[in-house]
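Here come two complexes built around chain A, the first alongside chain B, the second alongside chain C.
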Partner chain A sequence: MATSDEIMEALADFKEQCNSNKRLRRMQRDWTKVLHYVAFDTGDKFTMTVKEGEIISNESSAAGTPDVIIEGESETLCNMFWGDINPTQMYLKGEIKVKGTQEDIMRIDAITAIIWPEV
Partner chain B sequence: MSVIDDILSEKDPEKIRKETETNYREYLNPFVLRMFKNAGLDIIEGRREGASVWDVTGDKYIDCVTGAGIFNVGRHNREITDALKKALDVYDMGGWISIIRERGLLAKKLAEITPGNLKYSLFCCGGGEAVEVAVKLARGHTGKTEIICMENGYHGVTGFALPATGREVYKKPFAPLAPGYTHVTFNDINAVKAAITKDTAAVLLEPVQGEGGIRPADDSYLSGLRKLCTDNEILLIFDEVQTGFGRTGKMFCAEHSGVVPDIMVLAKSMSGGLYPISCAVFTEEISDFLIAHPFIIINSFGGTSLACLVALATIEFIEKNNLPERAAKMGKRFMEGLSSLKITYGELVVDVRGKGLMLGIEFPEESIGPRMASLLKKNGVISIYTFNNPRIIRIMPSLVITEEEVDFVVEAFEKSLKEIRAQESERKSKKG
Partner chain C sequence: MTELRRAVGLRTVVSTGAGMALATVTYLSFIELASYLTGNSSWIAILTAGIMAVLAGSCFAELNSMFPTAAGIKLFIEKAFGEKAAIIISGVYVLGQLSIIGAEIYILSQGISQGFPQINPLLFAVVFGIILFYLNLRGIKIAGTTQDIIAYSMFFGLIAVSVYGFYRIDFHIINPFEIGSLDGFIQAVAIGMSGFIAFEWVITMSEEVTDVKIIPKGMMLALGLLTVTYALFSMAMTSVLSKEELAWVLKPEGLPIPHILYGKRLLGGFGLYLMIVMALLASLTSINAGLMTSSRFLYAMARDWSLPKFMARLHSDYATPWVAMVVVMLYCVAVTAFGFITHYILCMILIIAAVECMIYIVIALCVIRLRYTEPDRKRDFKIKGGIFFPVIVIIVYGIVGGFILFGPVKPQDVLDQRIALFFILGLLVLAIVYVFAVLPGMREKYRKIAEARTPRRRRKG
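So, the complex of A and B:
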């Protein structure tokens, strides 16, 4: 089980990696979304706001109207943001649930493919 | 050793896999490879025969995708392959600025087998190009500009076809697109009525939406459209790229409703899965535009000698083996099997629908489509969700599929649904 602080730390690292990657920023420049992450074992909720490919904020609550909701165990979410697991494989095993469009799901996978190509 | 000998003589599956993955990663699209691998659908096609395809490692799968309806006559159909081999001994493609005998023979055959007064053909290579021809003919013939098309429709991603495709994701990065396209709700006659203006040239739709989630149009809707179009001097265009050549249990899907469009777009299975060809078939009245402008729509590779011979051999095979009737029979068997799964797995299967061997299973949420595709592969079946609607898995096998193979696919669906149910149950118990 991961705590809310641990997930926020992982999200901060994820934000840093995404925003510092010029290739990724260019690739995702037409992607503006609000993503909610829900840790179903702890009940913790998080909000990531992406504007034109840049992660502009992470919050430890459910804020705004989400375009995408990603739900999983706290540990799984934490590992996902640290790049320790492949989110698509988790998705296909039913370990994480994604509510949103297929395009958004593919965008999230594309982000992880760029910053962690080996995962 | 020539490059062809070199490629065909390589039998080491590991070497082939490594080489192919490297080439995809380095020279095609690494993300496409990643997606296929993640989904467990990274099958490198080796042997292909009948309703099946084998991975280079020798694992056999029933192909329920068939390139969204390319392989109606089966994978690597021997009779059509032999026809192409014979043709290759005699012909090259043929010059496009020439009179080609085979082109005339194929056009005549299409006039015979397409419904009603559809008569003239204009050939191209792919479905999108043929849709473009249909749009150009509609505008050229009527002198009007507006095309009414359907939300979630799919008509390809090229020039005049892309704006007709009813989903923003395909279009947004390429704006500005050709103007004059209006999208309305599918299967809603009042929506079309409301969209008609004095500038409307045509209504364009698929009689069964393929990528939109295997959604058949109601017969009454199609007959209503026919009347509406005739009354308003608007052309009716059927995109039968996926539904044509026996797929839905009739030679053309239009035959179910008895509605004859003014233009019919054909592609995919017309190729016999061997040689690209597509066309727009239209009425004599519409052909007047091309009499006045004979070289206004041209195509270097449209309707080559080889393509036309392959298409003629394909139609001969479909007729000789009565594939439309077979599609209806096998489709019924599928429908019975899958409908019983809907009862057993009611929480996972929302709907089973389609016509003939163009079937779709709808799940309650988007994630289940990709998960099912992954599990089906483990159970010996290749299937994939529809591009415009991931909640629906399509079942579009070759029309030569046997009863035993149909039962195998239904069983694979049952095993996969069972596994999804177990995964969901485990997840719920974790969630408390």
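So, the complex of A and C:
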């Protein structure tokens, strides 16, 4: 089980990885969204705000109206943000649940595919 | 539970489910199925196919209420029968369904060329293919309100021209209850099933809806809308067009454009162009969605290490899986070329009908299996009567599927039936060889690459 602080630390690293990747920034330049992450074992909620492909903030609460909601165990979410697991594999196994459009789900997966292609 | 900023409602679920199923090739299917009946009773075959689709739809609905995800079909099969079975069956299903695109583009381009006879239909096919590829590459999907307007306009238009057709013949329909032999009727029902292809893809919207319970409701309403519209339009076409015209559209030397002939007969030049526009909209919505879903399925399989990783490459500007799209488009070009060269269209209709039978049987088996292996998992929708209806689905679709590939057909349809049988067998053999001979080595290679990477997480899991 990962704590809220551990997930926030992972989110901070994820933000750095994403924002420093030029290819990803160009690819996601028209993507402005509010994402909620929910750890269903701990009940912790997190908000990631993306503006024109740049992650501008991470918060340890559910803020605003989300475009996408991603649910999973805290460990799974934490490992996902560190790039240590393949989110598509988790999604196809039903271990990560996503609410949002197919377009947004594809975009989220694209992020990890670009910054961690070997996973 | 927090609600999404933009969530899809029942109206759009219905329009998407019904819109994806309505394709131009459906009109030809109606004439083909009518040729297996002695009276003008295509509505009975379509109604039967529609009721069967509702039964199959209820199986999808139960599984979707257990695993509400776009990963749907592969996940259902994997949970019930393991990953290898899931890859084989979903691979045959997706590739088999894509075969419809060959028939669709061929029929569409032949129809358009009736309005613009100075231009070669092949040119329309090429232009249409390029437009579809561009839309997919840009990730432009016809959805939401646009989808609603297009889909409901098409259904309203089809019902209106059907009623007008009945009015023109003073509502005089010859032998509307005469179906002829049982063999012919079963074959007619089997062909009629191709009109409902892809309605189940509505489950890919599970993650976009306001409430996941509207998926089964929307699915059933879409099937109802399709059944009523199809029954009316097929009856109108077969009543208004002459026997000679109906026979001509089914011949290899004829043109598979009954809807165009019908529009022209009823409304002259206006009817011709009206039907061209409606066919264009039907093809655009169904093929665009089909191509997008298929290419994203391949992408997800590649990301899951079930296909080579290069198929998960993304376009640098649009974040779309361009390699998977190219693969899907090449496949579609091959089946379209087959249509233009051979003029064998019925075989493609039979392929998709047989593949649909296969997937409905598998889904019903999944329902039964999961009732025993995961009895306590929450189901927002559960088919009443225990396993009775899933068993009925298996039996009925087993019979129909057997008829499609092995049943008695008209002499001129025998070759189409053989092509369909060997095509499906070929897909199945390829999928099995791939899963047992190629996949394990490929997975092992990817696993080693991933394990060689030091985990980035700074704490011990």
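Just so we're on the same page, the second predicted complex is superposed on the first by the 119 of 119 C-alpha atoms of A that agree within 3 Å, B and C clash if a C-alpha of one lies under 4 Å from a C-alpha of the other, contacts with A are read in each partner's own complex, and residues count from 1 in each chain.
Following the convention adopted for this analysis, a residue touches a chain if its C-beta (ideal position, glycine included) is under 8 Å from a C-beta of that chain, and two chains touch if they have at least 3 such contacts.
Everything numeric here is computed off the predicted structure, so don't read it as measured data.
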| item | value |
| --- | --- |
| Combined model on chain A where chain B meets chain C, clash or fit | clash |
| Touching partner for A:73 - first (chain B), second (chain C), both, neither | first |
| Which superposed partner A:89 touches (first chain B, second chain C, both, neither) | both |
| First, second, both or neither for A:40, with chain B first and chain C second | first |
| Touched partner set for A:110, first chain B, second chain C, both or neither | both |
| Of chain C and chain B, partner touching more chain A residues | C |
| Which of chain B and chain C A:102 touches, first, second, both or neither | both |
| First, second, both or neither for A:13, with chain B first and chain C second | second |
| Set intersection of chain A contacts, chain C complex versus chain B complex | 86, 88-89, 91-94, 97-103, 105-106, 109-110, 113 |
| Complex contacts: residues of chain B adjacent to chain A | 30-31, 34-35, 38-40, 169, 172-173, 365-367, 370-371, 374, 385, 390, 420, 423-424, 427, 430-432 |
| Interface residues, chain A side, partner chain B - complex | 30, 40-41, 73, 86, 88-89, 91-95, 97-103, 105-106, 109-110, 113, 117 |
| Chain A to chain C touching residues, read off their complex | 6, 9-10, 13, 23, 26-28, 31, 34, 36, 62, 65-69, 75, 78-79, 82-84, 86, 88-89, 91-94, 97-103, 105-107, 109-110, 113-114, 118-119 |
| For the chain C and chain A complex, residues of the former touching the latter | 2-6, 67-71, 74-75, 78-79, 139, 141, 143, 204, 207-208, 296, 299-300, 303-305, 312, 314-321, 449-450, 453, 455-459, 461 |
